[in-house]
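The two complexes that follow have chain A in common; it is paired with chain B in the first and with chain C in the second.
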Partner chain A sequence: MFEARLTQGRLLKQVLEAIKDLVTDANFDCAATGFSLQAMDSSHVSLVSLMLRSDGFDHFRCDRSLSMGMNLNNVAKMLKCAGNDDIITMKAEDSGDTVTFMFESQNQERISDFELKLMDIDSEQLGIPDTEYAATVRMPSGEFQRICKDLSSIGDTVIISVTKDGVKFSTNGDIGSANITCRQNTAVDKQEEQTVIDLNEPVQLTFALRYLNSFAKATPLSTSVILSMSKELPVVVEYRIAEIGHIKYYLAPKIEDEEMEENDG
Partner chain B sequence: MGIKGLTKLLGDNAPDCSKEQKFENYFGRKIAIDASMHIYQFLVVVGRTGEQSLTSEAGEVTSHLQGMFFRTARMLENGIKPVYVFDGKPPNLKKDELAKRFTKRTDATDDLAEARETGEAADVEKYSKRTIRVTQVHNDECKKLLRLMGVPVVEAPSEAEAQCCAMNKADLVFGVATEDMDALTFGTPRLIRNLMAPASAKITVTEYDYDKVLEGLGLTVDQFIDMCILCGCDYCGHIKGVGEKKALQLVQKFGDMKNIMGSLEGGKYVVPEPFPYEEARKLFKEPSVLTGDQLPKMTWNAPDEAGLVQFLVEEKSFSEDRIRKAIERIKASHGKSTQGRLESFFGQPKPKPAGEKRKQPAAANNKGAASSKGPATKKGKTGVGGKN
Partner chain C sequence: MKQSSLAAFLGSKAKRPAVAAAVQASAPQDALQQKAESVPAKPSPKKRVRKSPAPEPAKTFQAEAGPKLKRLRKAGDTVQPAAPEGIEDDMAAAGLSGSRSPTPEAAPQAIASISSTQDADHTEAILTQAEDQKPSSGAVLASAVGTDDGAATTPSASEASETDEDDVLEIGEAAPKPKTKRASKGSKKENAAPKHKKARLKQGTLEGGQLDAESDGDGEGGKKKNPAKRPVLDSKVVGVGTKSLAEAAHHNTFDLSTLGTWQAGKPVPFAFLADAFEAIAQESGRLVITRLLVNAFRTVIALTPQDLLPVVYLCTGQIAPSHEGIELGIGDAILIKALSQATGKSDAILKQQLKESGDLGIVATKARSTQRTMFKMSALTVPFVFKTFRDIASMEGHKSQERKRELISKLLTSSKDNETGYIMRALQGKLRIGLAEQTVLVALAHAVLLQREVGNAKKAVDAGLANRLEEASQSVKQAYSQCPSYDDLIGTLLEHGLENLKDRVHFRAGIPVKPMLAKPTTGVSEVLNKFEDIEFTCEYKYDGQRAQVHLMENGKVSIYSRNAENDTSKFPDVVSVLPQLLRPGVTSAVLDCEVVAFDRGTQQIRPFQVLTTRARKDVKLEDVKVHVLLFAFDCLFLNGDVLVEKTLTERRKALESAIEPRQGVLQVATSKTSRDLAELEVFLDDSVAAGTEGLIVKTLDSTYEPSKRSSHWLKLKKDYMEGAGDTFDVVVIGAWHGEGKRTGVFGAFLLAIYDDDAEEYQAISKIGTGFSEVLLKELADSLREHIIDSPRSYYKFGKPEPHVWFDAQKVWEVKAADISISPKHQAALGLVEAGKGISIRFPRLVRVRDDKTAEQTTSPEQLADMYRNQAAVNHGKQAADD
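Then we have the complex of A and B:
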């Protein structure tokens, strides 16, 4: 039997909003350690990895590990019916084929049960090696979201370059080009407003903005975002969710193609 | 063409072997395409009303060029890298099949004449489609077109299917695009259907995984080939009354063609004479193909705009506007860097251990889910240490 109760129900709503654009169907894994998910988008360009630790829930019980396949859009539909201040409880039997979401309003006056049919999904797991990244940038998540949104109105790819002074986002499109630089800024008192760069080696990588915009849907979950990059490796875009876990997104960079001859004809 | 009833058989007995894919997800993939089969399809389908095909001002049929140009353009725009493989000399065993097709065409020509007289429009269309034949001229024109588009062309020594398959086995291409299921009999690791369907038809692309085909049917490589021969292939006659289901049963029951032949002796099924299954088997297992250095170097060049306009617009009466626009789109996507995939950095994803799945006895895996997750769920920033 699995049962997890979260006073901050809003958080679960936001988590769903942050992954449903990327992945349609996925398996949620319930274990004694927590509630997690790893899934790739259908083109295998990006991956989302969610972890909500059991100690972050108000109540968490998981007798044996379960893998629950769900259509994320359908989960989001149900969670939309929960109020922002509702307490959400998830429940599933070990051998059942449904999961129940229970919403309780703050004053306990309204209690709703939503039962979702589970589905069988072939899940594949990508083994991600633990690497030391050449550059790590922590910046306000709102700032990152705005940059991605602004740049995607000009072009469809972004070049992210990190040096010791700052991080530069550049794009090129039919109408022109754009560059946005964020300087390292540790002077402000509030940690969430800082831009901190931890650099072993300058890095420059190219990414499709479309995916970064999807990642930025996680902005409400955290005030800052952490970008970890190494030469010729996927970027990690991490949102830490206070006291309970994180969402990490991995995105494969764009690479130069050697089999295409120069386009000069 | 192909193996009779194989698609249905796989759907019923090995449902896991095929999966649907989005056309867009093939970006950056090299795909071998059976050109001859597609040219035939284009001639049958593209721009056809009744008995009329698309033609140039000089009255030459251009359906094949129309199909080839726009469908190839669509792939290039999406970053797919096609390699077209053309048929060479057909194997001797296929001569019977080809002779049969020839007779069918001749019959259809007669029927067509009759239908014209009676004025049955539907019959006219039906029979005129059956009279279609891919000629050397069609092939040569398509090769010329593809070279102008900057797309590599491979001329197979014999069957294009077999050549495509060999390239897929050697990992030179990601998969083989064809509608002809005998590509699986040759052992094509990944067969892709409907990749060349027009965008407007909204047909989903379907991928067949060879290993899962064998797994699903519970057959070995040789048994699968035998089963395909029994279903009815291009190289061997067909045993009347044996369909795909019976073929699978026979192979599953007797395991080997010799035993099957023995069991059929004197029974109600009459094996045609000759039934050269051993030769057919050999053609499927060791077809004549180019390998390694014999293959031309595969590069995808920018399209030759002037050449294409000269050929398609001047010679073949295509609309200049549409051709130039398509070339524009190909060029726009050509110079771009390609999107990488996570597999190329992290290795192939592995299916999750079955024990973790819901509805299965979970006794052995209480902690399994947590520990097998690997570093993906590890908490916190990466620590100190050297970089790789």
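Then we have the complex of A and C:
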């Protein structure tokens, strides 16, 4: 038996919005520790890892670990029917083939049940190692979203370079090029408005903007975003969800330009 | 559940570290580990953990590798070191590095075995080399047991540019070794075996040559050239050529253990099929191609018979029987988008490359990703690819383009090496490896027969085998022509073999056959000559569209075109009225008919062009403006009885007993049986006066031969007297800009015919006269959308080249004054005169044939026949004049 109750139903809606563009079908794993998901997009270029800890729920019960395969678009469809302030409860039997979403309005006047059919999804358990990253940038998530959006109107890829002074996002396209630099800024009082760079060594990596724009859908979940990068490794784009967990996106870098030219030549 | 790791990024493309020295002769595994470790930025040790799912003959891995490792083989090796297990995934997952030279390496000459004759040696060397040149071939971690191997590995940075997903890294000896002892062959095979599936197929063939050489001191090459040397060949079997006998002898060399690269019962890896395609593409000889395919099919039958159906479908470039109308043929634009998504390369670059190479398959193969992946995709399997193809083809509705692109992109990302190119081509709907459907059928028949008779055991073949193989081919071809559905055919073959195939797979209502076609003639006298002692009859040749009407027992009516496409929704009027026109007691029937446009007011047949104005599908009964009349002339099936093998006389009787003709709706084709020249001439004139194209002359005792252009049916057109025997169906592949009055439109067009064997379009003539201005504008408008930047690689043409090229789409029917030998045009090249093609002179456009596809033009063989006929007639005339 699995049961999890979340007062801020909005959060679950936002989580779904933040992953459904990237992944079509995925297994949600329920365990005593919490509710999690790990999945790759169809091209295996990016990976999303969601963790909602059990202690972040108002009520969380999981007798046996379960893996529930769902089509994320269908989940999103159901969650769209929940009001932003509704309390959402998820329920599933251990050997059942459905999961139930229950939405209760705050004043308990309206209670709705949505039952979603589960599906069998073949998935690999992917081991993600903890790594020391060469550079970590924490910046306002809205700023990051805006940069990705602006740059993608100019080009397809972004070069992110981190130095001790700041982080630079550059792109190139048919119509021209663009560079946006965010300087280290710890002067502001509010932590969420700071840009903090933690650097062991300068890094420069190239990514497809398409994916970063999908990641930025998680912006409503957190005021700041943390980018962790090391040479040759996927970037980690992490949104911490207050008091309950996180969404981490991993994106494999592109092969750099000089080599692209070689390849193309 | 598989465990992979992020180590993907490990081996990535650190800039060309010196791999060479790392590979130590005595301890290749350590060396590799060192290499892996020497790469910067390696995450946690966790990456080493991996459960190896299925036991594979040898571990494979992706090499990191700036420097290009020359593919080398260590000759004389008997050790087969497996790649260290832990490393495999580390590097494999990287999926990003590895080296490949963009062009096939010419360098290392593989080891050819010594056979007793020059020929044999020669042949083998070529075949082996071909294998070497497989552009994407990975290298086998052969061995480093020798001493100087490591050092011999030459880094060659310039060629290392392309990233690759090669599974296997081969390290061996640098010096080319054209020939060594036979013993080395064995080891080479072992070494090459792990993932070189294509190599294996090849080896099957090579071995064939080899064993022959052992048995009678004659290699493959020698044998072909000199069959008389082989005693077994002297025992001739009626109807089977010596070549077939020699071929049959090859089958005793089939060795499942070298060919089968996967576990019995597991899905067939797509790589196996791609390698087979690659091997086939490099061959031009029909017999060798058949043998390669037989080996592939036998392997599939032996290990995973349930995958034979998708394998065969993929070989034929189809995904469902043609009457189901599920076809791939995805447009270039969406394929480029998907490729761009999969590789991270921009559309513009890919389009540019497509312009340069003209083949999306090549573009896709070259466009290895600039985008790394998180984890390696699992290898493609035949059933998965086939299912995805079907999903793509049958997808429609909201966002279907987008979803298609997703699926295609996923296939492309999962594919590696030569798989990518074939996936691309299959999606386009054409493999272009020179594999004709007939060859597939023959190979299928042979494979089934051999697996049933011999199984996997190596057994000496007896003299009768060639004969039995030939019989098997005939019966499979026959069965398929009567019931063109691989689902039926293969299911039956696997279950029951070839015995009583005819009774199990036969024509039936609901599955259309390709219609029987008629051969052109030059005039009444030729008809009389050809059918000198045979009873024949003449029918009007109506100027319309072929329609095969299936009336099923459940009352359902289906109408199929000459391409076996379902045209039912185009003729709701026919569908609604037909059941009323059946005679009492008729429960099911299949009628061969011609549909013509019909004016109910004047009771006149209207020209073909009027018929083409009818919408192509989903016509509503109340919207029908162009009325049609159905002329039935044959009956293939009646009340459960198959009639295709009955004589025309019997079939006509059946036709009459099946339907009650109704004026203006369903009529029986007007016919006349006579031997009198004058009477026939009059009948021909009548037919033309009645608005038809002429006559079809049929022998009365002939059976119905589906899909054949049979000599039992001859067509006789009035205008034959004026020029060449018949009109030609040609496809427009290019055009010249018009001048003067024709500025702004095209002034002349380059016409071509399609050669099914070579899978190419061969230019036949330039056409530039006889167009009205209006027509030229119409033609230009309809052709503009098919403009391509450069000629396709499969266009064959001479000079001068046209100004613009078209995708081969538009089929025109043209009339010509004369057929002549041409040094310039490439049509039917070499069929009549070596090195020369055939051209048609003074062509004039008769009409645009929207009902024909670009592959249904007049064939080179037909063209050559027509040339010979014309020559014969001219000769006859001259003789008469003299």
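Keep this in mind: the second predicted complex is superposed on the first by the 255 of 265 C-alpha atoms of A that agree within 3 Å, B and C clash if a C-alpha of one lies under 4 Å from a C-alpha of the other, contacts with A are read in each partner's own complex, and residues count from 1 in each chain.
By our rule, a contact is a pair of C-beta atoms (placed from the backbone, for glycine too) under 8 Å apart; a residue touches a chain by one contact, two chains touch by 3 or more.
These numbers were taken from a predicted model, which means no experiment stands behind them.
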item	value
Which superposed partner A:76 touches (first chain B, second chain C, both, neither)	neither
Chain B versus chain C as contact partner of A:180, first or second or both or neither	neither
Chain touching more of chain A, residue-wise (chain B, chain C)	B
Touched partner set for A:208, first chain B, second chain C, both or neither	both
Contacts of A:230 with chain B and chain C, given as first, second, both or neither	both
First, second, both or neither for A:196, with chain B first and chain C second	neither
Common interface positions of chain A, toward chain B and toward chain C	40, 42-47, 123-131, 208, 230, 232-234, 250, 252-255, 259-260, 262-265
Complex interface listing, chain B residues touching chain A	21-22, 24-25, 27-28, 81, 150, 298-305, 331, 334-347, 349-352, 356-359, 362, 365-370, 372-379, 381-388
Residues of chain A touching chain B in the complex	27, 29-34, 36, 38, 40, 42-47, 49, 51, 64-69, 94-95, 97, 118, 120, 122-134, 136, 200-201, 206, 208, 226, 228, 230, 232-234, 245-246, 248, 250, 252-257, 259-265
Residue ranges of chain A in contact with chain C within the complex	40, 42-47, 123-131, 156-157, 174, 208, 230-234, 250, 252-255, 259-260, 262-265
Interface residues, chain C side, partner chain A - complex	1-6, 8-9, 12-14, 40-41, 43-44, 46-47, 49, 96, 161-163, 341-342, 344-346, 348-349, 353, 368-377, 406, 409-410, 413
